[in-house]
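One chain, subunit A, links the two complexes that follow: it is found with subunit B in the first and with subunit C in the second.
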Partner chain A sequence: MQFDFSTFLVLIGFGPMGWGAQLLRGAATTIEISVASYVLGLALGLVGCWAKLSGGLIATRVAELYTTLVRAIPALLLIILLYYTGTSMFDAAMGLVGLKGRITLSGFATVVFALGFIKGAYMTEVFRGAMVSTPKGIHEAGKALALPPLIRFRLVTFPLMLRIALPGLGNLWQSALKDSALVSVVGFEELLNVGKIAASQTKFYLSFFLLVAAMFLAISLISNLFIDRLERRLNRGFV
Partner chain B sequence: MIAIEHLTKRIGETTLVDDVSMVVDTGTITVVVGTSGAGKSTLLRMINRLITPTSGRVLIDGQDTMDIPEDRLRHRIGYVIQGNGLFPHRTVAGNIATVPRLLGWDQKRIRRRVEELLDLFQLDPAEFANKFPRHLSGGQQQRVGVARALAAEPRLLLMDEPFGALDPIIRGKAQADLIAIQRRFGTTIVLVTHDMEEAFHLGDRIAVMNDAQLLQYDTPAQLLTRPAAGFVERLVGSSDRPFRLLSLAKVRDAMEPGDAPGEPIDPDVNLRDALSRLIWAGADRLPVAHGNDTATAHISVSGILSHGRPPQ
Partner chain C sequence: MDFPFLVEMVPQLVDGFWTTLSLWLLSLSAGLVGAIFMAMMRMSSSGWLREPAKAFITVIRGTPLLIQVYILYYGFGNLFAQMPSIRYSVFWPVLREGYWYAWAALTISFAAYGGEILRGGIAGVPKGEIEAARSLGLRSWMTSLLIILPRALRISLPALGGQNIILLKSTVLASTITVMDLLGVANYIRMQTFRVYEPLLAVTAVFVILTWISAQIVTWLERRYSYGAR
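Moving on to the complex of A and B:
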């Protein structure tokens, strides 16, 4: 079939024939999933890092099991597993506390949980590596100045660790963005899935897939601007 | 006053500090010397409870440190960490203000205190307050480290090799600053070094540690004239021992009645410097006088030399 540019413009527009609105909604969903799972991953990563470095024996073992398993099993398989077992496990848990059927897990929450759970394992390693490379004297100084633990973490440990972790965290953000496309496997309508549907219905396969690729690239480039800004801020005093 | 009683720290099989007892008088400088790994830092860190002793206790003005809440204790004790320990991501002013902020001082009082401390260490606040530690020289960083430890006006200051990284000239300057501060605020100071010269220069008393044990705790003069057999003797018994002894005594301790010709020497000059003056002037004796007063006493080479050996 000959590529018809004017038809393609109509198809990606916002008219009754157009996929524009759906594509934008897909992109928004992609960003939502990515951000939410990334934040969940950050939280899990901090907890995991704490467990590995200063937790008790059991906490350390659990954290090790977590990072080993998650990093060994393909993300796609984990998502399928977590998506289908996650909902029933959640229902079972709710049943235990007598809330059976009252609160259910939305598809969005399940997907975010699955992706965040995977990201958390990588975050744990990034944070742990950053933590052990912060200068030891700094922690001692914080203690000697009698900064309470939480203030010490917020004022000293966290900013110094974050600075070292940032390149790793930047990478993980890029991969969170792309990994969000994996949830199309369970039929979730994020950017890639919308593109796929549009492509198969309109038969403009290559064009739609290229468009989706360009949209991913645009999101990624824009987020790079933020990361650079943060990096410059955290590097104050180091250059 | 700090009373250290039978303080011991063991980790597994190793003993880091072994049954150390000593008393540090209020308003004095005590210097802890010893080879690397002797347990000096460990001893220091047990005083502010960064390390919990295995046994023994530390009393500050009669109160067991274990009975004082950790944060209250540490706000009363300034600690200058080995290798300065400044926060690299905070400005000089931010570093110094850490504890005052935590204690909830108001902005104006904090700014005044920061400026006062920077002035004290001859760092122009306009130039240095907003710099980051990385942009300071090693000596300036050290001084900011001391300023930070002094910020909340502690009565007690622990210093772990504070002048280790400094060149001789800056080091001399920093030592003079420290003595001036100590005189002005009456701060009690415990300072760790492995430089004997520094120990004799700063210490009202010197504690010699080796292999986790406190071998001798005495005044510099006692340490020179009556060193404990073995390690201490080897440590202080070098060929310049007489000169060290001379630098501990003042002209006023050795002067004799009667005038002498020549340029007068101040009675507060130490005997080592006085001897240098005599040698340089090619004189056997010089008058002693304060400023432009007329001399009624003199100092002689033989009078000085008799102070360079243990009393018979």
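Moving on to the complex of A and C:
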């Protein structure tokens, strides 16, 4: 089969034969699951960081187990594991509170949970590293001013920590975006999966996968611009 | 957990283990060589070498590895199948196997990420050491090979070790292109027997052990090559 560029243009267009609309919807889904899992990861990371640094013995042990295991297991393997067991565990949990069958986990929620659970382990380490490198005197000053712990965290520790954590957080966003492609393996319809379906139906394998790669690259480069700007803003007065 | 069943699947998992291990080590060794070349191109004084390397690294690091695997296997694989000169050549037995496409994707990926790490390492080699080597009469290529490269490798060792673990974990992507690595075997067992936990958890355990071992090796290397107190 010779590559026919005009046919390919029709295939990626928005006409009845085109995959343009599906691809754009896939890209939107990819961004949605990446952002949602990233936010979930941030929350888990903050909890994990707290558990590692100021939690009790049990909380510390649990957090250590969480970060060690999750970071040692391939993401794809974890996604398959969480995808197939997550739903049944959720159903069991719902059964315990007497809501069996009333609330079910959507594919979206399962995928976001799996991706966010993985990101949370890496976030924990980024936050912990940032927290450790904030100057000690600042915490003591906050304590001396008798600020309550949560306010101290919000006004003193967190802003300082954020500046140090930002490069790590930026990297993790890039990897959250890339990891989101893995959920295509369990059949979730995001950008890569749409591309896969389009490729196998039209037989334009190389072109469609290259196009999907270019779309991922575009999202990644655009978000890089934002991260750079944010980094400059948080670093003002420091360089 | 059904232990007789677990024992039953051991031979299959052992096959998958060797596939995973060889895929990992082969792409690590090729990827390291590629990383050295990438770093050299990236730091070259010629823009004709520097800019393509920069673009290559941006593209590889900005797109999911899974897509790169698909581009190589489905994209180029289909292209090759349509070319009679390749389809009926002696290379076809190699070019038919998903294994070698996965190997290529992993190697390229490690070269790109590792190249950036090494670049940082090369930049971190103290200037005085390079000048000392030159003043001892070492030629420029000897300085690169005997002084800069070993020092840069030592400086980047911790980061390369981390990248190596990422590489190990990425080998499971081979299972998406019909390779019977550990995850491929686990998925096969899962589909044949409808048991989810046993095969996947067994593979998980193997990966935890492999990660631990490779982290230990890197720690040992770091201590072995620490050149006195630093």
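For the reader, a short list of remarks on this structure follows.
The rule is short, and it goes like this: the second predicted complex is superposed on the first by the 239 of 239 C-alpha atoms of A that agree within 3 Å, B and C clash if a C-alpha of one lies under 4 Å from a C-alpha of the other, contacts with A are read in each partner's own complex, and residues count from 1 in each chain.
Heads up, the rule we're going with is that a residue touches a chain if its C-beta (ideal position, glycine included) is under 8 Å from a C-beta of that chain, and two chains touch if they have at least 3 such contacts.
Owing to the predicted nature of the structure, the values given are computational and were not obtained by experimental measurement.
In the superposed pair of complexes, A:220 makes contact with subunit C only, with no contact to subunit B. In the superposed pair of complexes, A:69 makes contact with subunit C only, with no contact to subunit B. Applying the stated contact rule after C-alpha superposition, one finds that A:85 touches subunit C and leaves subunit B untouched.
Contacts of A:212 after superposition on the shared chain: subunit C is touched, whereas subunit B is not. Looking at the shared chain after the overlay, A:196 reaches subunit C, while subunit B stays out of its contact range. Considering which of subunit B and subunit C touches more of subunit A, the answer is C. Of the two partner chains placed by superposition, A:57 touches none, neither subunit B nor subunit C.
Touch criterion met: A:143 reaches subunit B, while subunit C stays clear of it.
Per the touch definition, subunit A reaches subunit B in the complex via residues 135, 137-138, 140-141, 143-148, 151, 155-156, 159-160, 163, 234, 236-239. Put simply, subunit C touches subunit A in their complex at residues 58-59, 61-68, 70-71, 74-79, 82, 165, 169-173, 175-176, 183, 186-187, 196-197, 200-201, 203-204, 207-208, 211-212.
Across the complex, subunit C is touched by residues 1, 69, 71-77, 80-81, 84-85, 174, 177-182, 184-185, 192, 195-196, 199, 203, 205-207, 209-210, 212-213, 216-217, 220-221 of subunit A. On the subunit B side of its complex with subunit A, the touching residues are 48, 50, 70-75, 79, 81-91, 98-99, 102, 132-134, 148.
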